[in-house]
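Each of the next two complexes has chain A plus one other chain: chain B in the first, chain C in the second.
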Partner chain A sequence: MNLQKKIPPRAHRIKWSGMVLWLILGFLVIIPVTVFLFAAVSPRFLRVGPQWFTLHSIGEAFTGYTGRGIMDSLLVSTTVGILATSAATTLAWLVHRTTLYGARIIGGMMWVLLLIPTWMMTIGWTNLIMPGELATAFGLNTVHLYHAFYGPAGIILILTTAALPFCYFVISAGLRGLGSEFEDAARVHGAGLRRTLTTVLPIIAPALLSAFAIAFAESISDFGVAFTLGANTHFPMATFTLFNAITANPANFSVAAVIAAVLILCTVPPIMLQSRVTRGRSYAVLGARTRSVRRYSFTPVRRIVVSVATFAVLIVLTILPLVASIATSFTRTISFETRTGIHWSTLSYHNIFSPPPSIMSLGSGLWMSNQLGVYVASGTVVLAYVLARRLASTRGGASQRIADVFLLGSVAVPGVVLGVGYILFYNQAIIANHVISLYQTMPLLVMGLIASAAPGQSRLLIGPVSQIQSSMAESARVHGAGRWRTWRTASLPLLSRTLTWAWVLTFTKTISELAVAQMLLVPGHEPVSVIIETTLGTVFAPIGSAATVMVLAEMLGVIIVVLGVYRIVTPKGWRRIGEVGSLR
Partner chain B sequence: MSARAVGVRIENLTKSFGDKVALRDVSLDMAPGTFTVLLGPSGSGKTTLLRCLAGIERPTSGAITLGEQLVVGPRAFVTPDKRHLAMVFQDYALWPHLTVARNVGFPLEGTELNKADRVAKVTNLLTRVGIERLADRYPNELSGGEQQRVALARALAADVGLLLFDEPLSNLDADRREGLRIEIATLARETGATVVYITHDQAEAFALADVVGVLNHGVVEQWATPEVVYQAPASPFVARFTGLAGEVPVRVLSESGGRARVQCLLATPYEIDDCPTRAVAGSEATLFVRPSAVTLNEASFSDGLPAIVEDSAFIGRGYEHVVTIDATCRLTKIFSRRRFPRGSEVRITFDPSGVYVMKDE
Partner chain C sequence: MTNTTTKRAFGFRSLTGAFGVTVTAVTLVVATAGAAPAPHSTPKKPVPVVNLSLYSAQGYDSYVVAAFNAANPSIHITLNDNSTGTLLTQIAAEQASGNPTWNMMWADGATWAAQFDVSGWTKHGILPSGVNFNTAGLTNLPSNKSFVPTGVTVTGGLCYDTAATQGVSLPSTFAGLVNMPNGSLGMNNPSRSGPTYPLIAGEMAHLAGISSSTTKSPSTAQVTAGIKAGENFLKALKAKGLQVHNTNGPTLGAMESNPATLSAATIQTSACYGDIAAGYWPTGAVKYLDYSVALPSAIAVSKDVTPAQFAAAKKFIAFVLSPQGQRTMQAGDPQGDGLFWPVISGVDPEQGLPSYASTNAYAINPYVWGPLQDIIDSWFTNNIAN
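After this line comes the complex of A and B, so read on.
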């Protein structure tokens, strides 16, 4: 045997998995959105204007009302990103690293917050502080507060509240995997509390930047607040001006496409920043040697003060608007308090299941939405996990960077843009007649909802995925495990909780999603969000409130069931990862 | 290096985690500049003790004084950053987002040194630990040994009076352990600082320490020089944990001035004279035998206990043997320059200076 002979390099293999992934992404997001964006310069190509090529729409989008909408959106989203990340970091630290009273409840409160769509939260706040509503019943004069709410402050408040749980879960995952030895090292070498925090927090930089990026992208693509608050406050937001451009008569698809392109491009700087900070360094701190963390002990008085303050803020943000909505749902008058007092009634709850003949009942919509939720959540978690792994891989080259930029850009694609893109692409005669006819079918709706959810979920998952040390999988492989067994035994236990939360989150978001659902619904099979917004909610305010409360309760029930099942079926060790308290 | 060593006084220190007591009424006194090694198995409380010294753990009761400063007491608790000490962590605890130079320079930030002086000092420290070429690398780009050097340089950077080492060599391979152990000993002693070093490796402890504290279940069982710990272990636990060839049941025939004549309670009667002891005449006890105390002789040798060689292993300078006496009593790690084949009959003799007689627990 000639041992001098060089060992030949590994045969070049076509990466089918990568190709399939890009093909899926192509049909889910890239092609429909690109087709829509193409309308910005070539409206005739899509038969939405006379010109084959024009740059006129670009100038038009940046002037006047639409131009202001873009600037407002940028300002609001940046502010929300900073506020939500800061608040979530503080909250996650209090919960996971201190002896705060009721820390376990906060996770539940974050889920409640996550369940409430922005349009519902806006209605809740309105039910609370509008003169004549709940606050008035308690003798509070909220006129000034109400006027302040209907402006940038209200928009930022709602969007920050909506982004808070996303950021909280991402940062919590980062903190869970971070042993306390890094803090200990800083303290022992002379750092005070502030310097310790500034030293240690960058270790979870991927999670912090993910949180900022998600908050920014969620805000810039939000439609619910832009539509409810922005429209009424002379503070236009880009998604609302985009919607206006599409629904105007005649519709201006070219300007809408330019606004959509700007929204997507705006998300590139945060991802570039994240990429710059994390590239070439390892933040993998979650591994077999990770020690349990030690909690910072408050003094008894400080513990009470901090706990009370934390819960006061969370109750104001979460419970009050919810209580206002629930209270409204139990009245049978237009405003909560009338000259003849408060008139309690459960009539609205009866009406949502037995509405007048011309109105759709909640029951069938609820069933349809639950089905959609299961399909979309399952598909999204698989796709998002694959994407998160790809993004977390340190071996990725240009493909990873492209995927990264694409994903964050996709988060910023407003649902309304996706909806228009799907209609324009899948309803083209050449596709519908010669390739596949998906328009106004359930599969297209599922695709649209997955396309809307997967980018955000993958960014949520990238933090936990990137914190798993490669040695975990490597040790499984060298001990004889194949790829599947390695994933099942080494990665899944560490990620099971995150994946379960991702599934539940997608499920609930799918049920409350409005933009894609409304544009791609199958006639006669309307999802619950569409039924509430377009039919039940328009009958009478308390009926709409009762319907939303009922949907919230149902979603909460599903969460409890799923988490209960998770607790029963998973081994104890899976649930102990990152838990506190051990004797050294 | 110009560290001013501090003395360490620990008084009646207790630390509980819930209903588990990790440290029980520990009192120790370390003179300034001494190199103290806390030795004990996992769960003995040595890490907890070190973390209490560092201020990372808050003791349940007791007091700690560093130099003239009471850092832990009934009404006092000084946070880690105010204790003027440095620590090398078992898992290194290097911040992954900082370069090697910034990790090492961390304790210098916020001091009165200007930037140029800080850079010079960091460069000097990196040179001393032999990793000056790695200054701009990140921790994940370093080997385990290199990471440990960074952690060592960081600990030396602040010129503190007390250096703490939390099993710094436990993650390294044998070759690197030996090299780095010598470097730690040299560099730490050069600083003049008081050193508290914890390990579960008795060889490491004896090689490094001026004073050894052996912990078991949160209690210090012995506090003495390595020589005393080796020659006169305070308890059977200390004897076993600091390295034994084996144990032989004996009867104390006579005792005078801490020396005894004992008879082995084996099938073949055999007496050993002048053994150090704490047992009284007439009592049954255990002979704790260090490996160095046993000599292997040919079966034809006139003295000694008959035994069978169970195993022999080449260790370079000679052979280590395992022998059994009466098929029940086994002695291990017995060195001989020549090899006694497996299964062969031998006679073993004991050097009284390497044995100790006491009651077993």
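After this line comes the complex of A and C, so read on.
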């Protein structure tokens, strides 16, 4: 009997590919995080308590300070999700659908914003508005603003700013693929501007919901802001209480595991909402026949007003904190303005290259981070693309939905949980002594960083991937192209720029990543983010500030180089596909 | 049909293969890269006989380890230099995994070391013979020698700006701090600042009338009374506008800036000396009140080390507790962690530090106060932090 008849090729394929993917995800995320979460109900499993099974930690996590932290995080993340999605939609519409002045610059500003991790952004704002810092030098009294900043308002501001570029790129990708025929149809039928928008925006519902979901998940798992702005207020965040439980002496892994589980479960409602809205509908609008768009023309006065207002907001959010950080790095004092004036100096930059004996070499740290960036970005882009394709598949069933929930849940896993989970699993004696010893090696650090980056990147890629019309691939297959050739000639040109951006973004995020790097670093080969964080906590904080600026400059340099190379090596047609709306 | 099947299979294999090849390539490159920077790959260096893994949060650690490794070719210490909180988390996770890889831990404070001892993670009797401790060293040495002090700083001295406090009568006791001008006094948040919990615990113990000792155990009633009195004292300070910043950096910045938003703060004095020595704060000064709280730096050794590793660890501790070792620590971070009071006789503190006796250092029992840290830190954040 012919074996092929017994095993249908399609079933064979799904089983095999799914198995490989879930195996990779299992070792990267599922097993380490599950091992950590097990501590919530079985402390003895991790040698952190006598009970094999208990629900005591669950009650403990929902009472008092930790309970408030969970509620605060939910409130903040929902607010940030709504604010970031609304702001990003407005911004994307202004850039791609109107005659706004300097629209091309906004994309660059979003990139700058995307590069800056929340902890750096917080430092920038502190350098700007803390009494005695840059704003004071201009005669501004910022005492009240500073106190307001260290609370819910500051937390929401920073997290919204951090989520804005994620949302902007996701929604922009949706708008780019949307020809103006939908808007034209609405206008022809008598719709005004508002009615047109409410008619057209649902077409990019996957992008809008993706944006909200990712902003929600990124915010709920953010640690940098909770640690800096939430620690000193009566507004605890879940990630901060989780950190407190983990770093307590003795560590309370059980309560930390409950908080982590709650954070992960909190991402289910946005996913369900997204699934409910998009179920049974197709949003594929990006194809070979997408036509150019016609931009909404402002009146001359309104055009100037809208442009100035847009740039004013973006400059305040992006440029001012950066300028404050840069200005501070060129002084040799802790405060920008002291009683004896402003002491300008390049000493901190000299010290980066010839540091005092107590500071680890920033040069070797930067080199290590760049190596990590290359490995992690390359691995992440491949994995994230494969995941995005699975999620965007219209054939998906339960497996797809599980993958969807799993991925967004993974975005909500704080880095410190991932780091501890990796130690708990990969440093088990049976694995380390009899299978492979990975703890405190480069491969485990790279795995941890890929696990940290891939879920978010795959969410970003779902938008562009889901908008590729399957008819193109089907046409190629009908004309005899194999699967690889179909992907290379039909999908790759459409996605090449998105994939390049995803690579650059992961590279830069890896360089500034702190939580996983701190937990899994190779002793003696510390990444630059760890060195900077350590330095900022010492008397050599000005050197840390200078190093932060240097790292940002290096990130920008890499982006310019990579995008430059992309421009040189890709065919001209690749760069134009999918951006029909950006050319006037 | 067969052709289609073959193409499908081949097509699938191509995509999966490309994915697999990429993943494999990244893994191989990373594995190679992981092997490349391994600390023992330099061919010129003799093969170390004993490897030790030291987890440390001290500013001078890399300098001290380099000096020790150079002088002891048969021992190789690998340094994991990180913040105290991260190191404690790593160690807790390693212990929970059942495969601890840390051999020695070195950080400020003794509460973590006491907790390690209580948890059964550390060896007893790690003090090498021949160490000539002075008073500061002896006061902070536990009876079972499960950890040893390597230097002492104090927290709770009054750091102040001489220009901002002109015309202000500075107090000479902790109780007198409530008479400072409204809003002029600051301190750190113990949830973020390592040295601040020992300060608060010291205030509570002192207010309860518990004598200065790292070994005597007060009664539960004394501790409860101390906590109550300490909470009332902190509430009184808050009523007078106590400002709480996260760590030493922002607190010092608030005193050094123009205009200063703080005139004085009770923080770790070595941080103040560091800024003054670095030239950041020419108008800065330190005044010691009726007591400050001793903050020893401590080393502990894992109970899971081999006999050879234990011998090597004791050799390292002997080096740190020798005059040469103490001076190496000072030279390794002269404006930061090197500003400590030595724990052995015959070594002077760095220039600019007063005598240890003048600090009126008060010691707390880390075995009593360590386990209370979570509760007291949470209370502080809820009731005192701004």
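Note that in this section the second predicted complex is superposed on the first by the 559 of 584 C-alpha atoms of A that agree within 3 Å, B and C clash if a C-alpha of one lies under 4 Å from a C-alpha of the other, contacts with A are read in each partner's own complex, and residues count from 1 in each chain.
Everything that follows uses one rule, which is that a contact is a pair of C-beta atoms (placed from the backbone, for glycine too) under 8 Å apart; a residue touches a chain by one contact, two chains touch by 3 or more.
All of these numbers come straight from a predicted model, not from anything done at the bench.
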| item | value |
| --- | --- |
| Which superposed partner A:Phe182 touches (first chain B, second chain C, both, neither) | first |
| Touched partner set for A:Val558, first chain B, second chain C, both or neither | neither |
| Which of chain B and chain C A:Val306 touches, first, second, both or neither | neither |
| Touched chain A residues, chain B compared with chain C | C |
| Contacts of A:Met272 with chain B and chain C, given as first, second, both or neither | neither |
| Which of chain B and chain C A:Ile31 touches, first, second, both or neither | neither |
| Chain B versus chain C as contact partner of A:Gly192, first or second or both or neither | first |
| Intersection of the chain A residues that touch chain B with those that touch chain C | none |
| Of all residues in chain A, those that touch chain C in their complex | 4, 9-10, 12-13, 16-17, 20, 24, 39, 46-48, 64-65, 126, 130-133, 136, 143, 147, 150, 227-228, 231-234, 236, 244, 246-253, 332-341, 356-358, 360, 368, 371, 375, 378-379, 382-383, 386, 416, 420, 423-425, 427-429, 432-433, 439-443, 446, 482-484, 486-487, 518-519, 521-526, 530, 533-534, 536-541 |
| Chain A residues within the chain B interface of the complex | 179, 181-182, 184-192, 195-196, 199-200, 202-203, 205, 280-285, 289, 291, 294, 297, 581, 583-584 |
| Chain A partner contacts - residues on chain B that touch it in the complex | 17, 20, 22, 43, 47-48, 51, 54-58, 79-81, 83-87, 89, 91, 93-98, 106-107, 110, 138, 140, 154-155, 157-158, 164 |
| Partner chain A, residues of chain C touching it in the complex | 2, 5, 7-12, 14-16, 18-20, 22-23, 26-27, 29-31, 33-35, 37, 39, 53, 59-60, 62-63, 78-83, 85-86, 88-90, 92-99, 101, 111-112, 115, 119, 161, 163, 189, 191-192, 244-247, 249-250, 252-254, 256-261, 271, 274-275, 278-283, 331-333, 335-338, 370, 373-374, 377-378, 381-382, 385-386 |
